[in-house]
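The two complexes that follow have chain A in common; it is paired with chain B in the first and with chain C in the second.
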Partner chain A sequence: MKKFLTLLVGLLLGLLWIFPFYLILTNSFKTPKGIFASVLGLPHPATGANYQDSFKALDFMRSLGNSLIITVVGVILIIIFSSMAAFALQRNKSKLSGGILMLFVSAMLIPFQTVMIPLTANFGRVHMLNMWGLIIMYLGFQSSLSIFLYQGTIASIPVSMDESAELEGANKFQTFFKIIFPMLTPITTTVGILNIIAIWNDYLLPSLVLPQHQYTIPLQMFFFFGQYTKQWHLALAGLALSILPVIIFYAFAQRYIIKGVTDGAVK
Partner chain B sequence: MQIQLEHVYKRYPGNDQDSVTDFNLDMADNEFVVFVGPSGCGKSTTLRMIAGLEDITKGDLKMDGKVMNKVHPKDRNIAMVFQNYALYPQMTVFDNMAFGLKIRKMAKPEIKKRVDEAAEILGLTDYLQRKPGALSGGQRQRVALGRAIVRDASLFLLDEPLSNLDAKLRVQMRTEIAQLHQRLGTNMIYVTHDQVEAMTMADRIVIMNDGKIQQVGTPDELYNKPVNKFVAGFMGSPSMNFFEARLHDGIVSNGKGLTVAVPEGWLKTLVAQGYNDKELVVGIRPEDIHTEEVALEAMQDAVVNARVEVSEFLGTDSMLYSKTGETEFVAQVNARDYHKPGENVQMAFEMSKAHFFDKDTEAVITA
Partner chain C sequence: MMKNRSLSFWLFVMPTLVALLLVVFIPAIMGIFYSFTNWDGLTYTTILGFKNYMAIFHDSGFLAALWFTVKFVVVTVILLNVIGLSLALLVTRKFKGNNLLRTIFFMPNLIGGLILGFIWQFIFTQVFDAIGLSGWLTNQTTGFWGLVIVTIWQMSGYIMIIYIAYLQNIPTEVIEAAEIDGASAWQRFWNITFPMIAPAFTVSMFLTLSNGFKLYDPNLSLTNGGPYKSTEMLAMNIVNTAYSENDFAKAEAKALIFFIIVGAISLVQVYYNRKREVDL
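This part shows the complex of A and B:
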C-alpha cells in the first residue's frame, strides 16, 4: 500500500513536471490559429514551419554560440578561481583569511538588484559592457557560493595530503592541481551544475550588459513578445529549441551529475 | 646521515608555553630512533620540525653538520609516512608511489624500475594498478612506506604509522618496518605513544613528556635504568607499581599495609643520601613480585599477604591485581601460579630489583 502511494505521488509529480514541456512541444507544432482553438489538444494540422521561422528570427546559431561562450568560459573561470581561493582561505588559518571568507559568505546576502545599476554604470565607463565584462561580473557574483561550497569540502581533506605532497617536492600549485583538485570532483560537479543553470538561464544581467549582437538565447526569446503582439507559435518553437542544448548536456553529463550528487551523499 | 638537534624549542604563536623545550639529540648514521611519550608531549611536533612542516622557534637542526632550519621541506631529502597514510585516492598505487619522482622529473624507465623494486620489497606487485580505496589497511600502510622507499631519502620519518591498524597487523608491520630498516640502512625516526612499539623497534628511544626529553637510551637502559618516575612508569606493561613510603630501621612502609625490608646494598645507598626516616617512592615492576614457594623462602623479609582482586590469565603469564591492606599493586606471575579473585596469596617483593625515587623531584636515586 505504501509502495503504491509512493508510486502514485511520484507519478503525479512527474506529470506536473512534464506538463509544461507537453504544452511547449505540442503548441510549437500548431499554427497561431490552432493554438487559440485548443491549447491542450494535439497539433492538427501539425507544421514544422514554426521551427524554421523561429530559428531564423532568433538567429539561433549565433545566440546559441553567445550563450555557450558565456556559460562555458564563465563556469570554467568560476571553478578554477573559487576552488583555488577556497583552498588558500581554508588552509591559511590567519584571522585575515577568516575575515575574507566571512566577506564572501555575507556577500551572498546582498540582493543583486541593489548593485546592478552602479555596476553597469561602472562597467560602461571602462567599455566593458559586452560578454567579457559579463563573464567577469558572473565571476564576482557566483564566486561566493562556490567558494563556500568548496571550502567545506576542502576542510574535510586532511592537511597531511598537502604536507605529503610538499615533502615529495610539489609546490603549492602542483599540490593543488595534482592532489587536491582531483579530490574535489564531486563538489566541482555540483558547483558546475549550479553555475551552468544560473548563467544559462539568466536574463536580467545580460539584458543590462550585452550589445544586441551578443544576445544570449533567453534575450533573443524576448523578440517574440512585443508590446502589442505575442507570437506564441514562434516563441514556443524557440523555447523548444533553447531547451535542446540543455537536454543534450544532461544526456552527456548525466552519469557525472548523478555521481556528483551520490558521492557527496556518501562522504 | 648524521642528524643533530641542538637546543631546539617550539612555541606556537599565541601560546605562553613551549610545546618543545630544549630538545637535544645526536643521531648516528643508520640509526632507528623512536620518540615515545603520551599524547601532547611534543614528539610529533619535533618530528614535524625535522621534516620542515613546522618552523623551529629556537635552536638548530643539523644534517651532516649543515644547519637545515630554513631549508625547504622538499630539499631536505626526507620521506615521511603519516598516521593516516595520506595516500592520494584518485591515483593508483603505482602513481602514488611515483608521484614524488614525477614531480622531480625523473626519467620514466627509472621511475618504473624504482616503483617495481619497492613494490617487490613490500609485496605490492599485484596491486600496482589498484586505487587506495580498494586496498586493506595493511596494504595502504605498505603503499605509504613504498612512497618513502622509492624516494631513496636519507631520513625516514614515521608518525604513528601503525595506530590505524588492528592489533595483529600492527605486530606484523612492526617486524616489517624493522626489517625494512635493516635492509635499507637509512636513518629512521619513528613516533609512537605505544611503548611496546618503541621497545621492540628502536636502537634508541627518546622518551618525552610535557615537551621535554626525559631520557634517551637503548630500550634496555630505559627499562632497567629509568632516570625518573615518569620513565619508569611509562615503559613496561603493565606499568611499574609505585608506593609512597617511609624508610626507617631498614624497612620501607607506607602505613597502608605494605611493609618490606630493603636489601643491604640499597639500604646503604639510601641512608648515605639522607633518606633515612624520610618519604620516598618505591617502584617495583609486576614481574618482580613472586608467588612461587622458592621466592617466598628466599625473600622472607619482603613477603606480604595479599588478596587477589582481579586476575587475568594471559597464557604464559597471569596478572594478579592485588591488595595488601589499603595498598593496591599488580603482580605478573607464571600462569601456573594463577589465583582466582578473592584468594589470599603470599607474595614476595624482589626488592633488589626495586627502584627508589625522590618524592619531590621524582628523580631516581642511584648509588
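This part shows the complex of A and C:
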C-alpha cells in the first residue's frame, strides 16, 4: 500500500513536470486553427509545416553553428587555461599565488551587471564586439569557478609525480600535459559540463556583444519570438527546435551532467 | 615546485589572469569611477560625487523592483527548498522508475531561462485562457506567481540533486537501527535525516538566494517587466536604465548597490561554510 502511494505520487509529479513539454510539442504540430480549437488535445490534423517555416525564419543552421563554435571553442580554452593556472597556483606556495587565487575567487562575487557597461564599451573601442571577443569574455568570467574546482583536485596529486617526470627531463609543459592533465579527467568533465550549460544558455552577454550574423540560438529565438508572438504555431515549433540540442546532449551525457552539476554546487 | 620569477609560472597563469583583469576587474574599477560622474557610455565631463546614488533613492522604479525582487526571493527560497527536498526524499526511495523521475525533474534546469520563459508565456496565456484562467500575466500578482512557477519548474530539480548528494551520505544502518528501536517515520526524519542534511540546506539556501536576486532571463521572456514595469526585477531595472533610458552613470551606480547586496549575501555564505567546516 505504501509502495503504491509512493509510485502514484511519483507518477503524478512526473506527469506534471513533463506537461509543459507535452504542450509545446503537441501544439507545435497544429495549425493556428487547431491550437485555437483544442490547446490540450493531440494535433488533428498534424502538420510539419510549422517546423519548415520556423527553421527558415530562425536561420536555424546558422544560429546552431554559431552556438556550437562559441561553446566548443570557449569551453576548450577555459579547460586548458584554467587547469594550467590552477596547476601553477597550486604548486607555487607563495604570497603572490595566494593573492592571485584570491583575485579569482573574489571575482565570483561581482555580479555581471556591475561590469557589463564598461566592459562592452572597452571591447567596442578595440572592435572586439564579436564572437571572438565574447569567447575572451567567457574565459574571464568562467575561469574563476573552473580554477577553483581544478585547484582542489590538483592538491590531491602528490608533488612527487611532477618531480619524477622532471628528473626524466620533462619541462613544465610536458609534465603538466603528459602527467598531470590526464589525471584530471573527472574534474575536467565537471568543468566542461558546467561551462557548456552556462555558455550555451547565456542570453544577456551575447545580446550586448554579438553582431546579427553571429547570433546564437537564444538570441535568434528572442528576436524570432518577438516577431511571431501572435503566431503561436511558428513560435512553438521554434521553441521545440531550440530545445532539441539540449535534450540530445542530456540523453547522451546524463550521468556526467548530474554529477558535474552536483560537484559544482557542493564543492 | 614553481618559482614566482620563473617564466613557466607566468606562462601558465597569464592567459586566465589577463582575461580576468580585462573582463572583470578593469571594467569594475572603471564602473565605480563612472558611477560618480555624468558618464554617457563613452565620455564624461563632470564629477558629480554622490548625486547618482542620491537619485536612486528617489527612483520609484528601482525601489519597486527592489521590493518585488525581495518578495520573489523570500517566496522562491522557501518553496524551492521545500519542494527540492521533497523530490529528493521521493526519488531516493526504492521503487520502479525512481531514476527516470530524477531525470525528468532535473531536465528543465538544462534549458536556458530565456527559452523557459517563452514556454510558460504560451502556457499562461494560451493554455490558461483555454481552461478558464484568463488574464494571467496581465497584472502584478499573476505576473509574480508566473515568475515563481517558472523558477520552481526550472530549479527544483537542481536543488533536488544537491539534497540527494547529502541524503546518500547517511548510513542506512543508522536509520535501520532507529526503525528497530521503534522510531516513527517522522521521528526518523526529524532526528536523523534532517540534522545530517543541514549542510545541504546551507548550500541550496544561498544558491537560491543569489540566483533569485540575479534573475534576469525569465523575467525578460515571460513578462518583460510588464504590465507597466510592475514585474520588473532588480537586474532588469539596471539593464533598462542603461540600454533603454541610456542613463549609463545611474545604471552603474545601481549596479554597485546591486553588487553590495549580492556580495553581502555571498560573504555571509562563505562565513557560514567556514563555520560549518570548523564545526564538523
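Everything below uses one rule, namely that the second predicted complex is superposed on the first by the 222 of 267 C-alpha atoms of A that agree within 3 Å, B and C clash if a C-alpha of one lies under 4 Å from a C-alpha of the other, contacts with A are read in each partner's own complex, and residues count from 1 in each chain.
By our rule, contacts are C-beta pairs under 8 Å (C-beta built on N, C-alpha and C of every residue); 3 or more make two chains touch, one makes a residue touch a chain.
Quick caveat: nothing in here was measured; it's all calculated off a predicted structure.
A.B. asks: Quick check on the superposed pair: does A:Met161 touch chain B, chain C, both, or neither? Answer first, second, both or neither.
C.D. replies: It touches chain B, and chain C stays clear.
A.B. asks: Could you look at A:Gly10 and tell me whether it touches chain B, chain C, both or neither (first, second, both, neither)?
C.D. replies: Second partner only, chain C.
A.B. asks: Mind working out whether A:Val75 is in touch with chain B, chain C, both or neither, as first, second, both or neither?
C.D. replies: neither
A.B. asks: With both structures placed on chain A, which of the two partners, chain B or chain C, ends up touching more residues of chain A?
C.D. replies: Chain A has more residues touched by C than by the other partner.
A.B. asks: Which partner does A:Phe225 contact after superposing on A: first (chain B), second (chain C), both, neither?
C.D. replies: Only chain C; A:Phe225 stays clear of chain B.
A.B. asks: Who does A:Met183 touch here: chain B (first), chain C (second), both, or neither?
C.D. replies: First partner only.
A.B. asks: In the overlay, answer first, second, both or neither for which of chain B and chain C A:Ala170 touches.
C.D. replies: Touch status of A:Ala170: first partner only.
A.B. asks: By the touch definition at the top of the document, which applies to A:Gln254: first (chain B), second (chain C), both, or neither?
C.D. replies: second
A.B. asks: Give the list of chain A residues in touch with chain C in this complex.
C.D. replies: Going through chain A, the ones touching chain C are 3, 6-7, 9-11, 13-14, 17-18, 20, 23-24, 27, 35, 38-40, 77, 81-82, 84-85, 87-89, 91-94, 96-97, 100, 103-104, 107-119, 121-122, 136-137, 139-141, 143-144, 147, 159, 171-173, 176, 197, 200-204, 208, 218, 221-222, 225, 232, 235-236, 239, 242-243, 246-247, 249-250, 254, 257-258, 261-262, 265-266.
A.B. asks: Name, in rising order, each residue of chain B that touches chain A in their complex.
C.D. replies: Against chain A, the touching part of chain B is residues 51-53, 73-74, 78-80, 82-84, 86, 88-90, 99-100, 103-104, 147, 151.
A.B. asks: In the complex formed with chain B, which residues of chain A make contact?
C.D. replies: By the definition above, chain A touches chain B via 158, 160-161, 163-170, 174, 178-179, 182-183, 185.
A.B. asks: Can you tell me which positions in chain C touch chain A when the two form their complex?
C.D. replies: Touch residues, chain C against chain A: 1-4, 8-9, 12-13, 15-17, 19-28, 30-31, 34, 41-42, 87, 90-91, 93, 95-98, 100-115, 118-120, 122-123, 126-127, 130-131, 153, 158, 161-162, 164-165, 203-204, 207, 214, 216-217, 220-221, 235, 238-239, 242-243, 248, 251-252, 255-256, 258-259, 262-263, 266-267.
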